[in-house]
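Notes follow once the structure below has been shown.
Going in written order, the chains are labelled A, B, C, D and E, and every chain counts its residues from 1.
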Amino acid sequence: ELTGDLTIFLDTSNPAPRATMEAMIARFGEKHPDLAIETTVIDREAYKTQIRNFLTANAPDVATWYAANRMRPYVEAGLFEDVSDLYAEPEIAEALGSTKGALTIDDKQWGVAYTYYQWGVYYRKDIFAELGLSEPTTWEEEKANCTKIVASGRACYTIGTKYLWTAGGWFDYMNMRTNGFDFHMDLAAGNVSWEDDRVKQTFMNWKELIDMGGFIADHQTYSWQEALPFMVKGEAAAYLMGNFAVAPLREAGLTDDQLDFYQFPTINPDVALSEDAPTDTFHIPANAKNKEAAREFLRFATSAEEQTIINNGKNLGQLPVNAASSVDDDKFLQQGFKMLSTNSTGGVAQFWDRDAPAEMAKVSMEGFQEFMVKPGELDKILAKLERARGRIYK
Amino acid sequence: MTVSSDIPEAESWFHRNQQRIAPWLFLAPGILFFAVYVIAPVFQSFNLSLYEWDGLGEKTYVGMRNYEDLYWEYVDRDAFFTSLKNNVMWLFLYLLAIPAGLFIALFLNQTVRGIRLYKSLFFFPFVISQVVVGLVFTWFYDPSFGLLNTMLGWVGMGPINVLGNEHLVTYGIVAAGLWPQTAYCMILYLTGLNAVDPEQIEAGRLDGAKGWSMLWNIILPQLRPATFIAFVVTIIGALRSFDLISIMTQGGPFGSSRVLAYYMFEVALSEYGFRMGYGAAIAVVLFLIMLCFIAYFLWSMYREEKGH
Amino acid sequence: MFPKPIEKQSQAAQVAYKSMLPVALLFWLAPLLAVALFSVKPDADFTSGNYWGLPSSFEGPANYGQVFFNSDMPRYLLNSFMITVPTVIGAVALSAMTGFALGIYKFRANLWIFFMFVAGNFVPFQILMVPVRDLTLELGLYNTKTGLVLFHVAFQTGFCTLFMRNFIRALPFELIEAARVEGVSEWRIFWYVVLPLMKPALAALSVLIFTFIWNDYFWAVVLTQGIESQPVTAGITSFNAQFRAAYHLMSAGSIVAALPPVAMFFLMQKHFIAGLTLGAVK
Amino acid sequence: MTGVTLQGAIKKYGETQVIHGIDLEIEDGEFCVFVGPSGCGKSTLLRMIAGLEETTDGQINIGARDVTHMDPAKRGVAMVFQTYALYPHMTVAENMGFGLRMNGYPKTEIEEKVQRASSILKLDPYLKRKPKALSGGQRQRVAIGRAIVRGPEVFLFDEPLSNLDAELRVDMRVEIARLHQEIGATMIYVTHDQVEAMTMADKIVVLRDGRIEQVGAPLELYRNPSNRFVAGFIGSPAMNFLECDVVDGKLVHPAFSAPQDCPIALPSGLTKVTVGARPEHIELDHNSNQLNIDLTEALGGVSYCYLAGPDGSRLIVEERGDARSSEGTTVGLSVPTERLYLFDPDTGLRLR
Amino acid sequence: MTGVTLQGAIKKYGETQVIHGIDLEIEDGEFCVFVGPSGCGKSTLLRMIAGLEETTDGQINIGARDVTHMDPAKRGVAMVFQTYALYPHMTVAENMGFGLRMNGYPKTEIEEKVQRASSILKLDPYLKRKPKALSGGQRQRVAIGRAIVRGPEVFLFDEPLSNLDAELRVDMRVEIARLHQEIGATMIYVTHDQVEAMTMADKIVVLRDGRIEQVGAPLELYRNPSNRFVAGFIGSPAMNFLECDVVDGKLVHPAFSAPQDCPIALPSGLTKVTVGARPEHIELDHNSNQLNIDLTEALGGVSYCYLAGPDGSRLIVEERGDARSSEGTTVGLSVPTERLYLFDPDTGLRLR
């Protein structure tokens, strides 16, 4: 029986995920009535800056975070607990095998994933129907679609780049589709010049969409949530976004008849398709006080049963990490699951700001934003990014 | 009638030196707090700016490298250049609060019914948090539904995305900042106007000064103390500007609205930052700029003290 | 009085002036009025594009109820009070003492210590950010109200000392001398003679510091996180993140966050303005 | 001619009337002093002439011009304020030249006029200084200089010396008198200082509650006050007043050892009369004992005895020369009959 | 005995010495007034006695005790300040009792003492008021009451009346004199008012630049000044001084129609001497014409003539009675020989 206090810090600040997590914690609490659980939900954007402080100062027992490069500084600073022992437990080793790699550094595991989700294009089926369009699979179709949408007085895509990372998602797809997964990862690792022609090609493709008026105007002043209404009101036909966008879109009144999903189309037929599928994780800070309870919580959260519940369409609306859990029969989750497991042969990326070092991510995403507003400045922007690369990767 | 003074007593050492010791006892807690939280950190920042440190691991001594990087950012017209340029713009534009405050103060310096309430309401923006001011102005500028664009629409002008345009964004934020700052200057001038010597105004009337010439030759010189204070607080407000930028644009679009104060926060403590030494170096630069004004202020205070 | 009193001017000028006042005020406060208007609108008005028209229904109670009963705002407000009030007390107490020492006693370091406080007050506080954050972390006070209060007290002491010292300087020095002749000890002079005379300054300063601290955002972001210790200025951003694009709720939240200093201003207007003009510096 | 004439001048602040129809004629070149108790309207009247207060009713002429509703700057008057009202940010020369500058005079002319005024007032060494760097007397001189420079027809002074210390006051008093002789302009001067009024005025106007009590030359007022108020107001220490009974045409009072003769024939039927006697006209009679010497104050050349009568009346008597009465002794009074002033006890009007 | 004795008292502020070795003895129960021009060190000296300024050198005794380096509170002195220095937040009674309370006296005793002082000063009706609700004179009385309550041996007053208006000043002056008679304590009083000094003092100390010029009873100083400074300082208007040549033992000056006799035998070899004559002792000789009457100031009972001599010397002469000389006429002087004061032109010392 677990006793004592268990403090949990969550960054799931949007209403739906927040409720899901709180419900899960409540269920955990029921199983351990003597455990006093305290949950703190922190604004997702603020969480990203505050994690350093609380990991060193007043560490919780469990904290959410992200996999891969994004957790590296904390692992290296010794702020995350090594949880390889969990992975040594037979059930877990088996069940969490698919995400183990993303959580491994130096052959040790530093946390567990609790969800991941596909990215892709969410679109207004009714508008497509109205204009007589179908889901595009190639860049040519995509552009043809877009031309028609623009002609109807709409934007093809809504986007809000105020917080930059949404532009990062677009870059991921443009670059992965143009140059392939491995090139993309090389670029994130600082091994390729930003002034390389292949990079330029990525942007030239992107520019085609921008030039035809494919994106809503003034996106640099909106957050991703503030960009949702454009789609809801039908002023934009689609949104390249993670699956978490489905919940608010539904909440805003779009039915499943109006909303649908397709995989980002092929641009360069020579490269294999690869996808963004960011993994959200739980970690035990090295300074946690009740690590026993924390481990138990990690086991609980990744159990097949809980994974099924929290990831279903009414809750997180994302994909479970436990191999034994079932994917909800929500149509988006089914499509996403299928896409990731069968049609992503090139590889699965975490996300630009998780794959590239933080500073480079910041500078480059600013560049993407600038590019989306002023595509004519591309050379200048790339030169700037190249200078930053020289400074950052030492 | 006698007083207790005939009792010979051995006065304690403390009692005898009371007047010499007392000030230090009174000062001790204040100085302690101030030294620990303000004075020492200034020097620590100077020191830190010579190191590279991500806030987690070991500090590495890098000498002037951080400043060199700043220099190159300046030469390359990068973030530091933008921040510095914007700070200069803030400095100058923010000073508009002074004439604007004076103008409103003159407008309100009457004794009609209810004027006190008007004065209070005009002062309102100053007491509101900059966070709220920032939000309010963000909506005010909103390209799709903001009041600004709605009003521009009335006069047939196209919508402008103030906060999304790298050339307009700083003006837009400064305008938001000017709102409370003007209110502040207004109240300073209102009290200043109260203290204007009525006999001098009358002397001026007899001398034939009117309207502008009265304002320029007789009123303004008497408002010098108010102007001085308004100048100091406005400069300092301009250099410290952080809240508005953080709330309204986060330094965007693409970093064009950064100022030093925000940039250093971004570099040192934001999501993609944690270059503490670099941040400290920016802070040092900001401090050196501010030092000019601090020195000016202290110097004029020193003259005042000695003048008495 | 300058400009020339309006009542001494023509009837037309008087009428023009009096009708200009409310119009000017309306313009001046337009952004704020807009928010107030937003805060009583129903959600539907925003989706239907009715941003600036009259509310289609009056949803004030619902919106504010949402803020008060269905969000963390009350907690943030409470935090703000628990940060602001001790800071005001602490800073005013410390600076009453330093102000007394610097205003009454003549000793060689007097002016230099005074200048130290003044200069410190004008330091761009960003330069303190990293060291103060580290110090707070080391003291184990990161993300506590205490940590924030301690820093605020220390930093505000600079300004408060300037204010108090100048006020005490203006007191008639004979009062202190009279007390010394009467055999009153220094501490008692401070307590029984000077402190009661400083009441107006204490009131003015308290009100001023209250609004400064209440409105602080920077340090709230640097030294705290999360609901258990963040004040409302920082809280409002989380609140807004939670209700992103729900303009009616964000407006109501902003109004609630702005209300205490505004109420303070209206209640203590006299002191507030006295404070600004006595100390006259932020 | 550039005298000043007031006809039925009235001033109201809202409902309260503070100046009640003043008729007054001040001759060209005259030095006219307004005196009266605090709040009687001296300043208000002066400021009405200057144009700094609107005149509610009546008419004010300067020379032949009706200036009642004219702009202050247009009236050809200059005013010297009690607090000097120098512009602190201008040098002495700039202060003096400011009025001319505002009226668009050419630079050289301004300089010349300032130069002339400053040499009259001996301000040459200070022309480049700011007022802060001047003593009180020098500041007042600058204020006067500022008035002179504009060459006004009428000078107005509102208690110009009351911020100066006693010694300087004497100097400046003499200086202003000399200035008046030199430039010969009409001057109107408000003061509450007896000595200033008596020594400087060609004509004193005694005001009380917004009305004129008496107008006349200083010694005329001193010697021939037309009512009790003026009699008590002019002269220092003030005139002593005794409420006497009239018995058989003689004046009876406990302070008198015997009924006093009356200087004039009293109207019949009058049984009570107020008798005034100046401290310097009363002689002490050491052989009598109606009055007690409470206190004596010896100032050197002169000393004052404070006397208390049996009925509680108090009197002040001046003693000169080397003989001094001592405190605690009792004395009687004697006053030459022709030095007594009689007043109606009800109206306060002088009986003659 | 509780007089005050100063021996070689010296005060330096840094390098500047402002009190140059004062030796002074003030008797028990005496009323001693310090006078002198502004900045001469009156206040400084008083504050040294009070202990508010440190004494750089020398010794100060109160009674038999050496208090030179004692705490102000321990000296048994009480001080009354020019600005009253009342605690504005305490009532009159609290103000008076504050010193006792701080020194731990029991409540009843405090009340009793306050009661006694307030009945002496007739402050009973005001005991519950705050100083703000009192007139200037009442405030000054409270300040004195606060001093009385502590029953000090020595009272110190620093220009206690100079913030009051002329009329009140006279009243309070009388009151303080009465108080001195009543409680009989030693009092030291600083003023720059001639009249106060002359009327209140048992002993006047004339200071100049931190040194004592003369000590003596008021009329003694008036009649018998020991140097030119004191002669010029005591008496108002001030004594007239003429630089005379000594010819054949007689005094020669252009203002005199003929050489004047000398009241004393002059030391031989002296060719120049400063002659002083008080305005009230000079008679005008209308048959002579050495002097020009520049200006006359008639104050009613008395008037002053400002005379200018051919050599630029200026004189003031007092005229009494009804006869007045008129401005612009020329006159001569006559002074009774025994009214002339002679001073050494170099040292200023009186020649007798």
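Assorted remarks:
Everything below uses one rule, namely that a residue touches a chain if its C-beta (ideal position, glycine included) is under 8 Å from a C-beta of that chain, and two chains touch if they have at least 3 such contacts.
Since this is a predicted model, take the numbers as computed values, not measurements.
Shared contact partners of subunit C and subunit D, listed by label, are B, E.
Chain centres here are C-alpha means, and the one lying farthest from subunit D is A. Ranking all chains by how far their C-alpha centres lie from the centre of subunit E, first place goes to A.
Its C-alpha atoms superposed on subunit E, subunit D is turned by 175 degrees; the angle is given in steps of 5.
Pairwise, the chains sharing the most contacting C-beta pairs are B-C. With centres taken as mean Cα positions, subunit E sits 28 Å from subunit D.
Each chain gets one centre point, the mean of its Cα atoms, and the points for subunit A and subunit B are 40 Å apart.
Distance between subunit B and subunit D, defined via averaged C-alpha coordinates, is recorded as 55 Å.
Within subunit E, residues 71, 74, 103, 150 each touch two or more of the remaining chains. In subunit A, the residues touching two or more other chains are 45, 56. Residue positions of subunit C with contacts to 2 or more other chains are 133, 185, 221, 234, 237.
Within the complex formed with subunit A, the subunit B residues making contact are 54-57, 69, 72, 76, 78, 141-144, 161, 163-164, 166, 249-250, 252-255, 269-275.
Per the touch definition, subunit A reaches subunit C in the complex via residues 9, 13-15, 18, 40-46, 50, 53-54, 56-58, 223, 225-226, 228-229, 232-233.
By the touch criterion given at the top, residues 174, 177, 194-195, 198-199, 218-219, 222, 234-236, 278-280, 295, 297-302, 306, 318, 320, 324 of subunit E touch subunit D in their complex. Put simply, subunit C touches subunit E in their complex at residues 172, 174-175, 177-185, 188, 192-193, 196-197, 199. Every residue of subunit B that touches subunit C in the complex is listed here, in rising order: 18-20, 22-24, 26-27, 29-31, 33-34, 36-42, 44-45, 48, 106-107, 109-112, 115, 118, 120-125, 127-132, 135-137, 139-140, 145, 147, 150, 179, 184, 187-188, 191, 193, 196, 198, 201, 214-215, 218-219, 229, 232-233, 236-237, 239-240, 242-243, 246-247, 260-261, 264-265, 268-269, 276, 279-280, 282-284, 286-287, 290, 293-294, 297-298, 301-302, 305.
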